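Both complexes shown next keep chain A, but they swap its partner, so chain B is in the first and chain C is in the second.
Here is the complex of A and B:
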């Protein structure tokens, strides 16, 4: 299956724009984002804390719908999904 | 009534909005929180559009490191209070409107009074704790919050209408860590102008507002896109999880 993962803002600077992936059936949202972010330590550290949990300010969306960070380990991705991962931008 | 001078000054936009639209702008009072990177283009464009009353609040002093983006302030303003510098420039841009520039730190104890009876709040802040205060004030007063934020060449904006759209805490429930953010002046120029455009449309009641959508600008890629955003039924600010007054978040 094919899943598109889109990072935004600082995460995009660290990890790239649109990443097309082919995860195995049953891959969870958490596992997929971890795998992609894990390719660059700085990118991984921006999104995950030292325990491997999403940092609390990270926004996660699946096909335009918000996914609670606590549910990311339980939600499996499906073919054609578009996942968005972004931080709140704060400057003014 | 618009004066002869105002009819002349706003001639080119009266072609768009009519005299009636221009009257709506003249009667409006808009609160701009911040006279920095976003606050500069926002207040300049609202002033030249003829928003009748603009209240702009900032607690800071103009510093040389501000000048790459804060176009209300110039080299000769270094060391001046931003409010002093702002009111000078905005009066030069448009002497026919009322400008209140208040030198204050926005906090939980003064935000409601500072906003007063304004018709809308424009978010030109650089941190989430104050943005959350502005959000809750907008919800309490049932007035819109025009949100914008930037970092580097990247920016976001959305228009929050209490009761109709997600509020800022629905979209961003947790603040990111504080940082000295990198920025080039064109980014707040773009996002601030989007915010001012929203204010004008809201006031003249024309067009489609940036509601239920997060506008995203990626200046490095020259791409604008949007994400759908939804209300959070359990939102502590606007949903069922709403705090009672004694539980309200302290700044």
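Here is the complex of A and C:
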């Protein structure tokens, strides 16, 4: 299956964006983001704490809808999903 | 008009368009790149989510404050000191609703619309921290 992952703002600078991935069936949101972020230590450290949990300020979306960080380990991604990962917003 | 765009906007034209039969007040909010020792500001948006979120904010404001017209134009890209970042134009029958509606819209945008700002300086840049601990996609 194909899943697009989009990082924004500082996370984008560190990890890139619009990453097209082909995860295995059953891959969770947490596992997918961890794998991508793990390619660059600074990017990984920006998103995950020392225990491998999402930092509390990170915002996670699946197809434009927010996903609770606590649910990321239980939610499996599906073909065609768009996952977004970003820091707190600062518009206006 | 609810838009995210690179280009600036003609605020005068928005004011004209905001005047409806029965309009007694038009309030304009114009957020500007402040000279905080920066050279430029770079703005980035998750447009697929940001535009629908701004549309929802406009609908909510219209309902709560009896607004007659709402325009929200948020610019992205690289902006210089003094340039417009965000323009909100609202009209209502009376000024309390126009002021309150405008204030509601800007505060909601700051809380929930996925847009980020980076201040560019001679030495590099710094991302502006969100004013709120959590950001976009407030739970429905």
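Everything that follows uses one rule, which is that the second predicted complex is superposed on the first by the 88 of 92 C-alpha atoms of A that agree within 3 Å, B and C clash if a C-alpha of one lies under 4 Å from a C-alpha of the other, contacts with A are read in each partner's own complex, and residues count from 1 in each chain.
The rule is simple: a residue touches a chain if its C-beta (ideal position, glycine included) is under 8 Å from a C-beta of that chain, and two chains touch if they have at least 3 such contacts.
Being a predicted model, the structure only gives us computed values, none of them experimental.
**Q** Quick check on the superposition: with chain A as the shared anchor, is it clash or fit for chain B versus chain C?
**A** When both complexes are placed onto chain A, chain B and chain C end up clashing with one another.
**Q** Return first, second, both or neither, reflecting whether A:84 touches chain B, chain C, both chains, or no partner chain.
**A** After superposing on A, A:84 lies in contact with both chain B and chain C.
**Q** Answer with first, second, both or neither: which of chain B and chain C does A:20 touch in the superposed model?
**A** In the superposition, A:20 touches no partner, neither chain B nor chain C.
**Q** Could you point to the stretch of chain B, among 38-46, 56-64, 74-82 or 110-118, that collides with chain C in the superposition?
**A** The superposed arrangement places chain B into chain C at 38-46.
**Q** Which residues would you name on chain A as touching chain B in one complex and chain C in the other?
**A** 8-10, 12, 56-57, 59, 61, 64-66, 84, 87-92
**Q** Touching chain A in the complex: which residues of chain B?
**A** Residue positions touching the partner: 34, 36-39, 123-128, 148-152, 154-156, 171-172, 174-179, 181, 183, 188, 216, 218, 220-221, 227-230, 232.
**Q** So in the complex, which bits of chain A are touching chain B?
**A** Where chain A meets chain B, its residues are 8-10, 12-13, 17, 56-57, 59, 61, 64-66, 84, 87-92.
**Q** Please name which positions on chain A make contact with chain C in the complex.
**A** Of all residues in chain A, those touching chain C are 6, 8-10, 12, 56-57, 59, 61, 64-66, 82, 84, 86-92.
**Q** Where on chain C does chain A make contact in their complex?
**A** 31, 43-46, 48-50, 52, 74, 85-86, 106, 109-118, 127-139
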